[in-house]
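For clarity, chains are labelled A, B, C, D and E in written order, and residue numbers in each chain start from 1.
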Amino acid sequence: MNLKGKHASWWKSVWPPLVAVLFFLAAWQGAVSYLHIESWLLPAPSLIVQEGMAQSALLGAHTWATIRLTLAGFAIGTATGLLIAIVLHIIPFLKSALYPLLILSQNIPIIALGPLLMVWFGFGVLPKLMVITLVCFFPVAVAAMDGLTRTDRVMMNYMRMSGASRRAIFMKLELPHSLPQVFSGIKIAATYSVMGAIIAEWIGASEGIGYYMLLQKSAYRTDLIFAAIGIIVTLSLLMFVIILLLEKWLVRWKPDQE
Amino acid sequence: MNLKGKHASWWKSVWPPLVAVLFFLAAWQGAVSYLHIESWLLPAPSLIVQEGMAQSALLGAHTWATIRLTLAGFAIGTATGLLIAIVLHIIPFLKSALYPLLILSQNIPIIALGPLLMVWFGFGVLPKLMVITLVCFFPVAVAAMDGLTRTDRVMMNYMRMSGASRRAIFMKLELPHSLPQVFSGIKIAATYSVMGAIIAEWIGASEGIGYYMLLQKSAYRTDLIFAAIGIIVTLSLLMFVIILLLEKWLVRWKPDQE
Amino acid sequence: MSLHPTDLTSPHMADEQQRAGEAQVLTSTPPALELDGISLAFREKRSSLPVLQEVSLTVKPGEFVSLIGPSGSGKSTLFHIIGGLLQPQQGRIRMHGRDITGERGHISYMPQQPALFPWRTTLDNILLGQENAPRKDAAASSRSVSERERRKEALQWLEQVGLGKFAKAYPHTLSGGMQQRAAFLRALLSPQELMLLDEPFSALDALTRADMQQWLLQMWEKNRRSVLFITHSIEEALLLSDRIYVLSARPASVVHVVDVPFPRPRREEITLDPRFVEWKRTMTGWMREEKYKLDDNINNAEGVHKNTSDGGVNHYE
Amino acid sequence: MSLHPTDLTSPHMADEQQRAGEAQVLTSTPPALELDGISLAFREKRSSLPVLQEVSLTVKPGEFVSLIGPSGSGKSTLFHIIGGLLQPQQGRIRMHGRDITGERGHISYMPQQPALFPWRTTLDNILLGQENAPRKDAAASSRSVSERERRKEALQWLEQVGLGKFAKAYPHTLSGGMQQRAAFLRALLSPQELMLLDEPFSALDALTRADMQQWLLQMWEKNRRSVLFITHSIEEALLLSDRIYVLSARPASVVHVVDVPFPRPRREEITLDPRFVEWKRTMTGWMREEKYKLDDNINNAEGVHKNTSDGGVNHYE
Amino acid sequence: GNPPTSQQAAPAAGTSTSTPAKGLKDVKVVLDWTPNTNHTGLYVAKDKGFYEKAGLNVQIVQPGSGGADQMVASNAAPFGISYQEGVTQARIQGVPLVSIAAVIQHNTSGFAAPIDRGIKSPKDFEGKSYGGWGSPVEEAVMKSIMDSDQGDVSKVKIVNMGNADYFTAVKRDIDFAWIFYAWTGIEAKLRGEPLDMLYVKDYSKSLDYYTPVIVSNEQTIKNDPDLVKAFMDATAQGYEYTIAHPEEAADILSKAVPELDKKLVLASQKWLSPRYQDDAAQWGVQKAEVWKNYSDWMYERKLLSKPLEVDKAFTNDFLPKR
């Protein structure tokens, strides 16, 4: 009974997006065949799947490479973002001083940064991880810093008066209180992480979905580009869902709104 | 007296970032001359400024074009993000259905999207605005949706029991309550907006800092590329500061933490 | 003190008679509020916490009714049900004869926690009730007055409760008692005819509290809005109410109904009346009795005893 | 009731004598807490709101001292100053003779709003005070006990205040009074020797309140921690305290000091003692007097009168 | 001077070599963009073991959108693929790139348009839309070849089409674009979308420049000429083999980069193989006049701020003596 109930609620939260995605694909397919859009411009989903399947072994290998890169980069990026947020939160002087540099870090175009990174850090995995980190850390850092400063005043007063150390205030009040907002940032970062990996692969790689895309682009294989995009989107969704589940589990104390 | 006090506090919040930026530039200058880094790889700040000044008229015109594009795109993007968040918040079914599509929208690489946008919308300003919108709306939408669902339960109970309409609950409780979190999203979007405009200019433009960068790239003028980056960063910082001031003004009811 | 259940020496009238009287009123004007056998249990993962058990009560138009009962018995929950926030698992709620179970917006409400909005000034906070009320109520109380007039009026009210100086202050700069007074005003200025007040004066010192009580009494005697009032002070309940419902410990059911016999208008002096003192003692005794039952319950492990049924309600006057 | 300032018929002792006695004690053991001429004004943009004006008070080791005063007078603010949250603009705070002005962590604190942490269960919430306390205090109260033992002990406490069943519940599922009891336990279980309790029982019904009072009394009589206690109930103050400070309306200053003459151990029955009733009447009168002054102040526009100086404090026993 | 970091990050460039297989020296070659038939000789040389025989373990690296130039110039990698326009402009900015071989003897790029646009000669550009990337070089080139045909370049509508490709662009707004025939032209043929091709070299001798070229940097050439020699020796063999066996070479490329479209690779290779060497004495040879003509052309049009020191820009010294 209970299991069935769980099953039902799981299904209930899964079918709307599923239907929406299917509807989206159907509309796409319909538009392509109805409007006679040429496949080199916008291939039909059916064609994409078909051609993608034909290259599945190759795609699989590249996907695996991208997954590894994404996970590593996302982990490092989120950790960096949290760390920066925490350090800057605890030392407000640093925060006001370094915020401009954080924004600066988000505004160095990859075409200028890419060669520099490769020249300095070689052709290995390091410059790629740096690119993903650069993409992921920022939303986490901004959201976390905002969340950490918005602590409930009454609880804060209690903590201070009862002699909680700075550390305890942070661990027991500010951090849990900011979790919902931190997770906003992590969700944004998770969504960007895969794209970050793709961009990282563009600045120099010999494997991964990003590399694959560039090759297909130069071979004018729009269908395979879209197969790659399909994989990218799927990976992003997976990342997002994992974060969502983690959030549900960590912020489970919050009463459900209706 | 009062004015002087205001002045002092203004100065107090301005000098740490100023010092940090100056320190950063000094370190850069020092590293370049100490390590003999060649100017085609990483030009010294002094050189960048000097060469940038020499082209100031041209840079000014391009900057102005980018500013217009950025402002328009950021405004549209933020508005779109808020609108999406509001609609999806009010209709939870839509939210669960469309969230995957939002994530999807963030994972279409520009190299695939650019040509499509151009073929569909021509080479005018429309596809460019769409690119910036795509970049900016997402952090705003995610942060706003998260913020809107985290409304204080006790206040919500009061609003419901006293017969507030859905609209009133939204306008008078959920929206003001979510403002801090919404502003986290807008801050992230503001930071990205200038970069979004640059990317938009890359996919096809005949003016703007992005266009200028590409030209300098093909002319191997690393110094001017960095001058362009300097402008991009400055614009981003300006956007960020404007949003920060707006936030301070709108969320002024929050007691300062210590 | 040694009050015991057996100490019940206060006069009381036969249930039947009272019932008949009520029925008569019912046929003429339907009650402003009528709860009919409300039951509710909160469900957690595995367990269930029964909170309300067949609670029935009536507030006639223009009547002042108090609810009194141990902490955690379910009084606030009952308000949430009346306000349409929670759906009862059993029972109906009627207002002027119309079934409004689960509907919202029919009441002026003062919650137990002030729940002031931190981004609104005190003045804007107390205007919120009027803003929220469904249009018809707003119209009914002839609230076609201009925004400006309403603010002016609200400001006068604020001054009367000693908050005039703080009209433009944000809630976090108010003391606990000041916040409570603001929340009280917010309910008072809401146009709906029935007011639900959840411990409105608990954070006030005795004198401010007495002032507020007098002030509420005077206003009520002038306007005769229907009031349902939760309080922990038996004295307060006796001073203000036409009728008092005494609730048992959780799961709450009505164990006593008291029609307060003191004439109106009442002033604070009435608390010195020996009959008043007698009533106070009696009711304290009842509460104590309930308390013991509760303690027994706790001692008999967590088993939930259903030791009062509807028929077991004692009705006094 | 017609209590007037002139009704002051209660016995009182000369100030000088009392002062001398205090001085003697001071030389032997320094007081657990000593406020010396604390003044504070909140500054807004243009205006300034004087809240505390030269407040001095003393809590000797193991003494139970109450603060009583009108709503909004500045009692909670005084606690914030003692707790080191706010810096007084004048005056010093000493603890056992040591100046601790602006220092934190020297007190067990129960705030006026429960301020339970929504992500902690009730049990984890009441353990928070122990977790927060600076190490030395934790050590002083021989808290080298294991985590598990502490939880077990906390659970027993929870059961004693009727929350045993809710140890694992999150605060938002507790009623107002239940939350207050949890916050009270949190302060009680904090290891610091001096407890500051800000209206700990205001949201409780009369009986639960009486239980809690008795329970607090018994515990205090056993352990003799120093207590500073804010309440709005004169009865509660008289029942529990060794000494009561009566504060004026804002800006608060000490207008009366009462050394409560009833012997310990005290039980609830004492409230029936005629002397007790007399004291209650007297103090109600004082409060009323302050109230009138305040009303006058308000009527005399917003001008702030400094109508009591330190020398004007009346001291009684 | 180079930043010290580049040394440790790119061991292939320095003297220290990690030797995975019998003392082979690690060497990186950075491509100009994605692998294509311009690069076949490198893949063949690797596949056929020419590099190994020369004592090299060559790794072919794909760059980002930034191209190879900065990486080669900074010695992060000793070799790369570039093109004459790039090397010319780079050297003017003091970037120490040196071209060490021309991959294709003549410029195979030109302006292409679907035949339905009716662009048969440069004069036909008038009134049409050109899709490019917004560089002043494009306009200058177009002006040069239109001048020879009495055309007026100001009547061409020049649109920046970003990274849209020829096929996409000509479907909307754009009439013609600048392409490499060996790749895009062949693809058009395979698709059955015939196009008119106007090679720029046919209209101006100055524009018959080398694209692409293999580049190294001054530091490597000065400090490690043997490495350059060994590398070029094997690379030349690779291209010579490709010239001789276009089909097998295409196969090798397709195997090395399975993501590429085999049909396109094969057709492109067949078209390109005879054009690598073309009329030159041997594969890779560069003529000073080609470098001079083009840089003078650019300088005259103010596309360069100073004349190019031609003899420093390229060298034939490392080509094998045949």
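To be clear about the criterion, a contact is a pair of C-beta atoms (placed from the backbone, for glycine too) under 8 Å apart; a residue touches a chain by one contact, two chains touch by 3 or more.
Since we're looking at a predicted model, the values are computed, not measured.
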item	value
Chains touching both chain B and chain E, listed by label	A
Any chain in contact with chain A as well as chain B	E
Fewest touching-chain hops separating chain D from chain E	2
Chain A and chain D, separation of their C-alpha mean positions in angstrom	52
Separation of chain A from chain E, taking each centre as the mean of its C-alpha atoms, in whole Å	37
Where chain C touches two or more other chains at once, by residue number	113, 172
Shared interface positions of chain B, touching two or more other chains	41, 111, 115, 119, 153, 217, 222, 254-255
Of all residues in chain E, the ones touching two or more other chains	3, 66, 70, 74, 165, 168, 171
Chains touching one another, given as label pairs in label order	A-B, A-D, A-E, B-C, B-E, C-D
Chain B contact footprint on chain C (complex, rising order)	79-80, 83-85, 104-109, 111, 113, 115, 117-120, 128-129, 131-134, 137, 170, 172, 190, 192, 196
Residue numbers on chain B that touch chain A, as the complex places them	13, 16-17, 19-21, 24, 41-42, 93, 96-101, 103-104, 106-109, 111-112, 115-116, 119, 138-139, 142-143, 146-147, 149-151, 153, 156, 180-181, 183-185, 187-188, 191-192, 194-195, 198, 213, 217, 222, 225-226, 229, 232-233, 236-237, 240, 254-255, 257
Of all residues in chain B, those that touch chain C in their complex	154-155, 157-165, 168, 172-173, 176, 179, 251, 253-255
Sites on chain B touched by chain E in the complex	35-41, 110-111, 114-115, 118-119, 122-123, 202-206, 211, 214-215, 217-222
Interface residues, chain D side, partner chain C - complex	1, 42, 44, 68-72, 74-77, 112-113, 162, 164-165, 169, 173-178, 181, 199, 202-209, 232-234, 268-269, 271-272, 284, 287-288, 291, 294, 298, 302
